[in-house]
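As written, the chain order gives the labels A, B, C, D and E, with residue 1 at the start of each chain.
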């Protein structure tokens, strides 16, 4: 049962929070968060101590595997959740202190879904875990249920999400029908036989997953949900579920599929191009920084899809690297937004005027995150983009690389607009911005991540390439 | 009847459900459309399971039915919440967030 | 076995007809009733496919449960709004076009596939097989599903509770 | 055995001394700012250079060659270009001329610019040293690269010195005009050099000469090359139509005009053609063109000189005219004759300019009609100026006589008739306009300015100090040296004719003398005796007179060209760059911005539309999945 | 000293300076400047030292250093200099050293200013010394990005009237403001870097995905079709930085808006970086591609020369004149490279150096004039020569070099380029080149005449303007001295350059 250790741990944490909340939830909101953080820290440590199960051995008749990829993903999810929960401690709205139990339970439930998803090698388990991951997100989006925007965003998220779930499971039904089993290891064989309905099933599934990873044109819930939901949650939402979505894609579309992977190239490349272009273009006119980051996040998914379009171990490895870099960069950026919003009461661009002179370190952190997202050397995002491009180039997808690289310039345009507010414009109000301690800590973690990965990418690359190699 | 007939029936239902989601103004109506889509999935699964002679499909169907119910529950809770806060049932009116 | 095509045809007509009614009728309440009809029809299809257990689940959980809570929700919201809920449609043309396109796409793929014409004979009790599998091989998803219900419950409660 | 100080070493010394002076003055700002001290330094070095130049000249026999070379532009294998000195008969004699005039002018300037602020004076001598170096470098150049470099440098000095009084708008304008006009010619020269290099593979004069002698130079395309080289000479030596800058260059201080725009720099073009005469002789067509243009320039400038009232402008046009003579001789195929005239002209034209400078210094104006009766007030100046004038007019026993006569003979022998006729006419006019100056300025009633005197209010030389009088010794000395030199050369040539490559026909001498005397007589009749009314004379040549007053509209043409370039070409280009080229790129970026704005509208905020997105995505994927692989 | 990682010290000394400035010199402006001068001084002295110590007979890449970065992908920190980069390193050292003095008077946020400037310089040094294409690209990005803030914060806005067919686009993009200029410059250069990245990746993949090392790729034979488009990608990418027509318009706006030291560094060094990239990667690696596209490179270079000169002539803003003159002169650089002859290529590299120094001098001077007179409008100024003789003299010398007057570095460069042009296959390139030199003489002297000559201006703003002072003199003297020294004795530069260009030509098959 050691394979299920992390899942059981999260489930236990879930129960502890539930029980603790029932006993004295309202009085000790920070205790709930503290418990969650402590538990997650322990679990993250445990995740790093765990080693993958030997190949070919899975629990529940091969339904649940604990391989390199799964372990990598679980560490990623746990880390993201840890940062998200840590930052959530700084949230000021009444709902978060009064309903801390619900908030954390939902987060943990979703996390559990992700963890199971990372190991799922069976369509049913996959689907159930996928839903366990998704449904709490709707609550969390609408968690500030007094705010019309939040509820509206939750409803939209829910409606589109459910339709996408329907599409996904419709696709899975075809996959099951042709593979004649829910065991995912049968998929490569069925694919190789070239069944049109199999292909249809995979396409529909991809569409469902496209919603989860927020690829254009499935992305449309993203900006609304990001804008309305609480920022620490959004920071987490922008990373963890997307990573989970990609993980499913690896499992379903790449793992052991062999030459049939070439089927996906046009679809992935096409999605990548439209996602990069649309995400970047739509980010340009945004005045709300969160919304801008939402669109830029869409564009980043496009870049990751470039790595996917490479359908190679290098491509997947580079995507994993990208995911980690994106985790730090994107979460960090959102958390700075939260810090500024708490002080200025605004997520508008203009709130950032003269930030460099008011709080130089905060501004520097934001700049680093933005540069990382923009793909500038010596911060993580640079290597991420570069590696992804490299993987695509190795497959001869030079045009894709060129489009991606050119649109990076557009991305830098709007990132630099924020940099302009921070560094070039004069401050409107004097004095530094007060940053709540947990928030500051989580920002610091993200900064360290971005810089360390940027300055010293070697070991990370080695690790992700080793993991990716197991897929092919 | 051949398997194809069942699949086509499911596809038609799926498309009708999708159409419903597109066109209904009322959020509950949209939910009904989604129900139709999920229902089509169930037909698909059961038909495949029967023609493949494999029980897993039936089990899959059990899961989808359960999850559908859960989703409907969430959806209706959301709808009620929306009604309470915005006093409207029409999805078209929910466009505070856009652009 | 000559009854099967007949039954299938009849059920198809009912299904498609009621489904269309669900998405087209003006009265929301009627739409829900048509949905119940469609779900019942689906249960009939399950029977045709020798899945009695699923047909029962479908009737109980789906046609019973879902329809009930939908009706409940409608009643609650009508009370809240203080008015009957109307049901109108938007952009029927474009909806039809896109949904039609998706349908055509699906059918094009489905038609290309050489699918089984006849079903294999049943071996054993389907219901028992389902039960066995659920508690052995599929116990993990089953547990996860339980957790899912728990979280859903929490969430739905959180949303639906009027105060705080 | 060659002595330690052979001609090459001495020439090098002569070259380096002014360079040292320049570097010293340029770097040691206090010395430069001290004004007169800078002058003394520069003069001292110039004197040394003169000595070295004389030594080099004495050490060089007619057939001697002394070469010093250093690598300048290295390349893989053989260097692309070298620098060094090539001391032979021609270059050393030219070197002496340059050193001599340069030295005298620097001495003279001490007096002429005595009232300048010290900083300005220091700057002046810095430029003077640089000029002396550059001009000597040009003279001694062993190859085209060094020649061109020094060629440009003398142009630079000319620019700087014309603009010496840079606060005067005319001076500033004249300086850039001179630079641009000569630069236009230099473009040709540069192209010519590059073409020649590709053609022959070398820049070196000696190698080229060997190739030419050995007939190794391909004739095909050589005409273009020599023509381009000639263009450089046209600019520098003020040949038609690029002569327009020289009269304006008179805005510089008069000693500068004497040195640069009379004796040395402007003759660089002639010198170039003399140096490469063997090359030009391979392209007779170009040579003929040189002759024709030279003769035409001589006549045209002579006509222009007749209507000038500014004494320096008269001399400037006369310089253009004389340069035309030299070119005509070269064009006729007798470069040595042209070179001879170059040397004599260098002496007596410098004399004339310095004399004119003394006059201007004394009366404070350039206008000859404001002068008058100066002969009595400044007798010494009058005498030396007269020597110069007689030399220029080509009166026997004066320096210009023999060389001018030789040119007429050479053109008669070597060229067609018409250039010869033009040159004879020009000779007549030369005598006329020079004596016009003499009669108007030095005889007759004292003009307003002459009476008042004043150290050149116009030239800004400081406050007036009584009526005009002879220049101080520091200015007078150089004048006398040059006058004596002119006489010595004239008498020397009268005694011993230099050897010529052709037979000087007997009737040329009387013709030349007659024409000169005729010109003098006309001037005497018109301006001294007033037997002929100047106005009537002008009317008699109505259209020519008017055209001459308008400088044959050439300046207008150039101004029009400049305007065309600046306004009609560059402005539209600038506009296009800003509003079309940049505009298109701005449009692209504006479109990108708009695309973002339009695209975000699909984000309508309505959930059903988001579902459309999902459906659309499905359709897209379905289509893409069928992409041909 | 052989054992020292000299190149690394040269490259990273400014960066260390920046770090020290950020952490140790808060609110101590003099210390900031002292650190800047010290760190760039180290770089300058060491670049002089390697210039002397470089073994010309041995040639090739020397002062080699290597450190594996990402061995799995074949990325290593691999640096070294050959004759060409040697000169470029020296150029960078000189310009930044002079630049630190030229911006002595930056008052506002000088700490950040110097820190960013120094970071930028590290990028530039890095590009010139790196032998690993990947590291090359990395440094390239570092060299581009600080520019945005440098111009955005310390720049100056101009005024451009939106008019013409595309007036709406001008209004939309906010042409004229410093933010616009900064953004334009940054995006253009990053746009270019996208092409470069694609090209580098293509070469990496084509060479078997084992090494980004330039030295390894030099040994490879690439497929002609790949070479063709990769060359084009490099040409566009680096060409944008080198200001090739019609992608040059960032340069006037950017240079005009940038503060003095940034203009100096950018026009002086960064544009060279583009040309250097074309020569090093384009000519140096892609023989077939070069032969295929050289006609385009040369022809566009000719357009650059003439068009840039004419545009410069049309400007009324002093900084724009200089900026357009850079466009024109970069044409000479590209023309020289396109000739594929020894002289042309030597001339090209020499022009990179000469123009770097010259334009650095120009921007320093314009900065001084602007700082003292608070105007860049040429036709409002007049007769400044009497008030600021030093600036006037330096400006004149710069002008002379600009128009290619002998005894300044500009002549040598142009002369060699012209020789090369006429030697090349497309010999007609000579004529636009020479015409450009002539046009340069017109606009540059016209400007000098207008500003420094003529009667003193009557404008009350232009009375009693001071000449250059103290630290500013240091900048001017260094630059003028270099300009003349390399003009009088070009051999000291051409010698090492030749050892680098000849192998390139041999690889291209046009020399033995």
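Following the convention adopted for this analysis, contacts are C-beta pairs under 8 Å (C-beta built on N, C-alpha and C of every residue); 3 or more make two chains touch, one makes a residue touch a chain.
All values derive from a computational prediction rather than experimental measurement.
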Target chain C, source chain A, minimum contact steps: 1
Smallest count of steps, each to a touching chain, taking chain A to chain E: 1
For chain B and chain E, chains touching each: A, D
Chain closest to the middle [Cα centroid of all protein chains]: E
Most distant chain from chain B, judged by the mean position of its C-alpha atoms: D
Pair with more cross-chain C-beta pairs in contact, given A-D and B-D: A-D
From chain C, the most remote chain by mean C-alpha position: D
Inter-centroid spacing, chain D versus chain C (mean Cα positions, whole Å): 102
CA centroid of chain B to CA centroid of chain C, Å: 7
For chain A paired with chain B, centre-to-centre distance based on mean C-alpha positions, whole Å: 26
Approximate Å spacing (C-alpha centroids) for the pair chain D, chain E: 36
Touching two or more other chains - residue numbers and ranges from chain A: 124, 128, 131, 135, 138-139, 142, 145, 155-156, 159, 163, 167, 197, 199-200, 223-224, 285-286
Residues of chain B whose C-beta touches two or more other chains: 7, 14, 17-18, 21-24, 30, 47, 51-52, 56, 59, 63, 67, 70, 74, 78-79, 81, 91-92, 94-99
Interface hub residues of chain E, defined as touching at least two other chains: 187
Pairwise chain contacts under the document criterion: A-B, A-C, A-D, A-E, B-C, B-D, C-D, D-E
Partner chain B, residues of chain C touching it in the complex: 4-5, 8, 12, 15-16, 19-20, 22-23, 28, 31-32, 35, 38-39, 42, 45-46, 48-51, 53-54, 57-58, 61-62, 65-66, 69-70, 72-74, 76-77, 80-81, 85-92, 94-96, 98-100, 102-103, 106-107, 110-111, 113, 115-120, 122-123, 126, 129-130, 133-134, 138, 141, 145, 148-149, 152-153, 155-157, 159-160, 162
Parts of chain D lying in touch with chain E, wherever the complex brings them together: 71-76, 80, 119, 145, 148-150, 152-153, 156, 159, 163, 166-169, 171-173, 175-176, 179-180, 183-184, 187, 190-191, 194-195, 197-198, 562, 565-566, 569-575, 577-587, 589-591, 593-594
Touching residues on chain B, where the partner in the complex is chain A: 7, 14, 17-18, 21, 27, 30, 34, 37-38, 40-41, 44-45, 47-48, 51-52, 54, 56-57, 59-60, 63-64, 67, 70-71, 74-75, 78-79, 81-82, 85-86, 91, 94-99
List of chain C residues in touch with chain D within their complex: 90, 94, 98-99, 101-102, 105, 109
Complex interface listing, chain C residues touching chain A: 106, 109-110, 112-113, 115, 137-141, 144-145, 147-148, 150-152, 154-155, 158-159, 164
